[in-house]
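Next, two complexes with subunit A in common: one pairs it with subunit B, the other with subunit C.
Now for the complex of A and B:
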C-alpha cells in the first residue's frame, strides 16, 4: 500500500513538474547592444591613406552616419525533412537575387531605432538592453538609413545635413590639399542600404548579460577615391582646395561601395562573466 | 351553454413503435415477457372544451415521458387533426388530461423504468348528454390516419367509439383501466390484460445513439440555455474541455481548442447542424472553416459533442471530435426579444412556435449589431431560421429546414506586445485604448449564407431509417493584416506595399445522408446494426489578394483557385450486447475523395517560354477508418446508480486541402489515431429522470500524421508534420428537477511535435506545441425558482453563472501566458408574459489575452522591418452588460 502511495505521489510530482516547464524549446536572453566607431589596429581613428602609388593622406574632420537597424542571425538550417525530400529531386536554386529575402529568415536579435553615429568619437554608443534568442550568432546585418522623424525635420541643420551620411575630410599630398564637404544618399531600396554578412570575430551563442558591439571602421571609406581627379585645373596648390561635391560622382561611388562592404564593420560578442570576447 | 350535450371518448391507441426512451441503457428484448408498458391508473375525464363549436371529430396525439415513479413529464402535443381555429383548446384539454393522470410505470421484469409513450385522444361531438367517457382502446376511428397500429395493437377490435356507454355501469364512470379491459376481453382485445396492457409487441427504440466513449456529451440545454452565451458558437463551450477564442471578432468564426488541438476555425472539429455538415472545404481562410454564429441561440435545443473519432458516422474534419447542434423550440407561441447594452450592443429577435405543433416546427428571425469595444470592432448580422416538421404517416416524419443569414463585421487583429507595453500603438495612450487598439482599420469581413435541408425519418418496429438532403451556398470574405509591411513578394527591392490579405471564398455544396438501423435478437439479447452513406459535393472558389496600403488596391494575387471536391463515405456499426454487463461496438468507415483544382494564378512564362496562367490538377484518395468501443457495466443494478467503463479507439481523418495537392496524387489525408479509456456513471435515476448526478473521467491519446499551424505571413494554415496529444478529463452534471442544473469540468492536455521516428508510446518526445491551453476548468450553473407574490401570482426568477479558468499556456522560448478567470452571469425575472433580464459578460472586467502568437511583423512602413518573431496577442472582450426584455405570448398554451 505504501509503495502504491509512493508511486502515486511520484506521478503527481512528475505531472506538476511538467506543468511548470513549458518545454517549447528556445530561450530568451537579455543582452546589451552597442555601436562603436573604431580604428584598425595600428591606425588612428579618422586617418588613412589612399591606395594610389603616391598615396594621399586622408584625415576625416567630421563624419556622421545614420544607422537604421541592426540584426543578428543564426546559421541557416542545412535542411528540413521537407526540404530534404525536395532537395533530393530538384536542382539547387540559384540565389542570384531573391528580392528582399537574401537574408530571409528570422533574426535572433534586432534593434530598429535610428541612431546617429559620430564616427570620430570612439566612445561606444549604448543602445540598451534587449531580448534576444539564445542561439549561435552566424552573421549580422546593418541597415543604413535616411533621416526620419525629427532628424528629417531638422533638414540641412541636422547632424548629417539631411543625408544618410555626412563627411568633412581633408586629403593631402605634397602641397596639394583638398577639403571636401559632402553628404551621401543611397536610394531607398532595402538591398542597396543593407550591409549583410557581417561576421562575428568569434562565433558564439547569445547568452544572458552578453555585450554585443557593432564596430564601424570609417577610415576605410575613402581609400579608393581618386583624389587626383578632384583637383581643379589651374590649381597652384598654395591654398587648400575647398570642394563641395554633389552626387553622383566617383567620390560618392567609391564611398558607397566602401560603406556597403561588410569589411567596413565588425561584430564582437563579449560574455558577461569574463568580459572577454 | 354548449350547443349540444357533448361527450367524448378517449380513443386509446398506442402508436406502433412505442418508444421507450432509455438513454443510458441499451435496447431490450421486445417480446411480451420482458417488457411491460406504462399504463394509466384512475379516472379519465375528457370533456369537449367549453364554448367550442366544431362539428367534426378532433384527434390529438400526446406524448409524455413516464418516469420510473409513474409521473408524467415533458407532456407535449405531437399532432392535432382537425379543430380549425380551436386547435389550441383541444390540445390543451388532451395535454391536461395526460398531465393529471397517474401511471404505473413501464417495467423491465420487476424493475420500473422510464418510458416515453403516445396516446391518441379523439373528441367526438355527437349530440347527447355530457358525461364521462370510457377509457377504451381500439383502432382509430378514421381509417387511414395511421395513428393506430397498422398491425392492430390489441388485435381486431370493434370500433369502440361507435358503442354507447354500457348502461350497466350506471353513469358510465370508469373506475379503472382494468375494469375497462375486463369489459372487453370478450372481444378478444387483450391478453393478460393487467400486465400487457398496451401491446402485443413493445419494442424499444432509443431516441439517442449509444455512447461511443466515456467523454461523449449529449446535452439538452434546458436550464443551461439560460447561461449567457453570445451566440450559438459559444454554446459549444458547455462541452467539457472545449474552449473557444476568437481573433476576428463578431461574425468571424471562433477558434476551437479541444484535446490539445488548436482546431482553428474548424480544421480539426467536425460541426454539424442536425446532420448537415457546416465545415467549408478548401476555404481561403482555412481548410475546414466553420462558422455557426448564424444560428439563433434560442433555437438550439441541444448539442452533442464526441471528443475523438470513435463513431463511424463521424466524417471529414472529425480529428479532435464532432459537435452537432440540434434545433428545436420548446416553447410554443410567440417570443419577442430585445436587448441593449454596452458598446451599443443591440439585438431584436422574434421566435414563433405554432401552437399544436412539435418543437421541431419553428420560425425565428434575429438581428443584432454593435459598435464594439475599442477600435474597429463594429458588427451587424441578421439570420432567419425556419423549420417545419410534420408527421406524414404513422411511420414517416418529415422536416424541412431553411436558413438565410448575412453578416458584416470589423476586426482589430493581433497587436505586438512590445508596442502595447511601450504604448506605441496608433490609438489614445490610455490603457484601455491601447489594449483594444488596431494597426489596420481596413480589417473585417462579411458572410452570406443560404442553406436548405430536407429530412425524412421512418420508424417501424425495430427498424429506423433517416434520409437527409441538403444544399447550401456560403460566401465569405475576410480582410486581415497580421504582419503589416513584412511579406510583400516584390523582387525589385522597393518599399513594402502592405500585407492586408483579402480572402474570398464562394462555396456551393450539395449533399445527402442516409442511415438505417435495425435491431435484432440473437443469443436472447437485443443487438443493433447501423449503416449509412454520406454524399457531398463542394464547388469552391478561393481567392487571396494582397491589398496595397494606399487606396486598398490589389497589387498581387497569392492564389486563385476553382476547386471541386466530391466525397462518398460509407460506414457500418454493429453493436453487440454480449451480456448484461458487456457490450461492444465495432465499426468501419470508408471515405473516398475526388479533387479537381483549377489554379488560375500561374505565371505567364517559365524557363521554357510563355504559357497560360492556369493549370489543372486532379487527385483522388480513399481511406478506411476502423472504430470501436467496449463498454463494461460495473454495477449490476442500474436503478439508482450506474458505472460504466469504456474503452474506445478509432482512426479518423481530415481531407486534404485541395491547394496542397499535386497532379494525379493519391490525395493524402491527415490521419488521426485516437484512443480513450474512461469511466462514466450516475447517481439517482438516469438522465431522463428529474434528479440525477452524472459524472465521468477519461484518459486519451491522439496522434496526427500531418498537422497544421497558422502562418500569419500566408494568412492561412500550413503543414508542420506529425503531432501527438494526450491528457485527461473530469466532468460532472447535476440536474435537480426544474430548479437547478450544474455542469462542471476539468481537463488537462499536452501536445508535442514528435520526431518522425518516434513511436506512439513516446508521449513526451519532441518539442511541445505552444499556445494550446493545458488546464481548463469550468463551472456552469443555472438556478430557477418561483417567487410567490400572492396566492395567485408568482414571479419566476432564474440566475445563471459561468466561471471559466484557463491555465497558463506554454509559449515559445520556455515561457507561459498568464492564466485568467472569466465570470459571466445572467439574471432574469418573469411575471406572466413579461421577462426582464440582465446579462454580464466578463463580470470582473478582466484584461486578458485570449490568444497569443509568436511571429515576425512590421507595422511601420517607413522604417527597417522587424525580422525577429515577437509576441502578439488578441485582446479578450472587456466587461459588457446587456439588458433584455422578453415577451412570451402563449396562444392558448400547449
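Now for the complex of A and C:
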C-alpha cells in the first residue's frame, strides 16, 4: 500500500512538473504563416481621424512597411524556484528590467525573411509553411526592418523609398488639405526595432496545419500627428498643400510610437479542423 | 523545519500516505548545515539624500526628494540547482529619505551562495510592517490609493505658463505591482553569498533617477520639462496630471511643443511598455538594483490603475 502511494505521489509530482515547464514537447508541426493589414472593427482600412477637438480626416493613399522577422514564443518557462513559487501558491513572475532585452529565448516558430507589406491591401500575404514546436503560443514579436539585399539596392526607387516604412497620406479639415509624403527609419537596435508582447486573440497551442496570421492595424498610426502645426503660414486653403517631411519631426515621433505599439498588431491562430478562430 | 532532500522525500511520502495532503511539496529546497543572518537594506543613494542636481538633467531641471516610501515583500533566496531557502518575510514599508532603511533581517539562513535572489513591491497590504521613520499618514494614503511607491519632492526649473524659474511640488503615487527576480550584484555575481555564523548585508538600491528617464531603450537622459509642463499651476503636481501629456505631442512649459536644443521635438521612447502618455511612462519605471547600481534584476511590472 505504502509503495503504491509513493508511486502515485511521484506520478503527481511528475505531472505537476510537466505542467510547469511549457514548450517542452518538442514535437514539430507544420503551420501556414501569413501577414495581413486589417481595419479595426467599424473602421475602413487606411482611414481615421486625428485626436484634435476639431479632428482632421486622414486618408492613407500609399503605405509600405518592411517586416524583417516574426517570432512566436511559448509561456515563459517556470524554472526551479519559479516552479516552487507556484507550488507555494505564489504568483510566478519573471520578465526584465527596463532597458534590458525582455524577449529572446526559445522561439517556437520564426520567420526570418524580409517582407514588404502594402498596408492598404487587406489580402493576406502568405509566408508559406513553417515548422514550429507544438506548444502554447503566449506572445509574438516582430522586427521592423530597413531594406536589405535587393530592396536596399533599389534605394529611393524601392517600395519604401529606401526607408523602413513609407507613407503618402492626405489630411483634410474644412478647406485645408495636406498631402504628406515621407519615410521613417528607426535605429537598428533590438529594443527600438522589435515590437514585443503581441498577444494572440485566443491562446492556443500550435498544431499541425494551423494558420497563423499576424495582423497589422495601420489606420490610426497618424491620429496623434499634429497636422495644425504643418500648415504653412499664410496658407489660403484653396489648394492641397504638398509636404515632404524629414525626420525628426512630431509627425515621425507620433508615427514611431504608434507603429511600435503591440496594440498596432494582432495574432490569430486558426485551427485546421474548424477553419475558424 | 529543515531537512535534507533525501530525508525530505521519505518524510513527505509518509505524510502523503497518511494524510493525503500536498504539503509535502513544501520541503523541497530545504537543507541543513551552517547558517547565517541576512540583513537587507534599501537605499535611495545620494539622490534620496541630496536630490538630483541640474547638471545631471539634460534640460537643466533639478529634483529634491522629501519622501520616497515603498512597499517590499516576498523576498526569497533560491538556487539554480533547485534549492530554496525556507525564509518568510512580512511585507514592509520603508522610507528612504534621508537615509537607507533596513527592510528585512532574516535569521537562520543556510550559508551558501543563493544565486536566485528576488523580491516584490506591491500596493501596501493591511498587515504591512512600518519600518522606522515612515510617516503613518503617507502609508494610509498609499493603502487607500493602492500605491506601492510614493515619491514626494520638488522639481526645480522652468515653470508654466511662461517658463519662469520656479519650483513645483510633486506627489507621485505609483499603483504598480513589480516583481524583481534573478538579481545579480554590481560585481556581476549572481544573487548573494550568505556567510556562516555572521551577518551578511544585501542592498536593494532604489535608483531614483529612473523617474526622469526619457527612454525605455538605450541612451536615456534625465528630463524634467515634460513633467513641469503638466503642472496645472496650483497644488502639487500629481500623476493624474500627466495624463494630458501624450508622448507623441509633448508640451513644454510655454505651452508649445517640447523641443530639444536643436529645436526638434523631444522623443520619449516607451519601448515595450506600450505607454502612450507621460503618466503611463512614469508608472512603467523599475527602480531596483541589487548590491549597487550595476546590479540588475529581471522584472515584471503590472500597472494596476490604467
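The working rule: the second predicted complex is superposed on the first by the 231 of 277 C-alpha atoms of A that agree within 3 Å, B and C clash if a C-alpha of one lies under 4 Å from a C-alpha of the other, contacts with A are read in each partner's own complex, and residues count from 1 in each chain.
Everything that follows uses one rule, which is that contacts are C-beta pairs under 8 Å (C-beta built on N, C-alpha and C of every residue); 3 or more make two chains touch, one makes a residue touch a chain.
Here the structure is a predicted model, which is why all the values come from computation and not from measurement.
S.K.: In this superposition, which partner touches a larger number of subunit A residues, subunit B or subunit C?
M.R.: Of subunit B and subunit C, C contacts more residues of subunit A.
S.K.: In the superposed arrangement, does A:249 touch subunit B (first), subunit C (second), both or neither?
M.R.: After superposing on A, A:249 lies in contact with subunit C but is clear of subunit B.
S.K.: State whether A:184 touches subunit B only (first), subunit C only (second), both chains, or neither.
M.R.: Neither partner.
S.K.: Identify the partner contact of A:224: answer first if only subunit B is touched, second if only subunit C is, both if each is, neither if none is.
M.R.: After superposition on chain A, A:224 lies in contact with subunit C alone.
S.K.: Contact-wise, after the overlay, does A:27 reach subunit B, subunit C, both or neither (first, second, both, neither)?
M.R.: First partner only, subunit B.
S.K.: For A:192, using the defined touch cut-off, is the partner it touches subunit B, subunit C, both, or neither? Pick first, second, both or neither.
M.R.: both
S.K.: Does subunit B (first) or subunit C (second) touch A:263, or do both, or does neither?
M.R.: So A:263 only meets subunit C here.
S.K.: Contact-wise, after the overlay, does A:127 reach subunit B, subunit C, both or neither (first, second, both, neither)?
M.R.: neither
S.K.: Name the contact category of A:106: first (subunit B only), second (subunit C only), both, or neither.
M.R.: In the superposed model, A:106 contacts subunit B only, not subunit C.
S.K.: Which positions of subunit A sit in both the subunit B and the subunit C interface?
M.R.: 81-82, 97-100, 189, 191-192
S.K.: Residues of subunit C touching subunit A in their complex?
M.R.: 12-14, 16-17, 24-26, 28-29, 74, 76, 78-82, 84, 116, 118, 120, 179, 181-182, 210, 213, 216-218, 220, 246-249, 257, 264-265, 267, 269-274, 276, 284-286, 296-301
S.K.: Where on subunit B does subunit A make contact in their complex?
M.R.: 488-495, 721, 750, 752, 756, 764, 767-770, 774-775, 807-808, 810-816, 856, 862-869
S.K.: Which residues of subunit A touch subunit B once you look at their complex with the stated criterion?
M.R.: Going through subunit A, the ones touching subunit B are 18-19, 21-28, 68-69, 71, 81-82, 97-100, 103, 105-110, 112, 114, 132-133, 143, 145, 148, 188-192.
S.K.: Flag every residue of subunit A that touches subunit C in the complex, lowest number first.
M.R.: 1-2, 5-6, 9, 13, 51, 79-82, 84-85, 87-88, 90-91, 93-100, 102, 189, 191-192, 194-197, 224-226, 229, 248-250, 253-254, 256-258, 260-263
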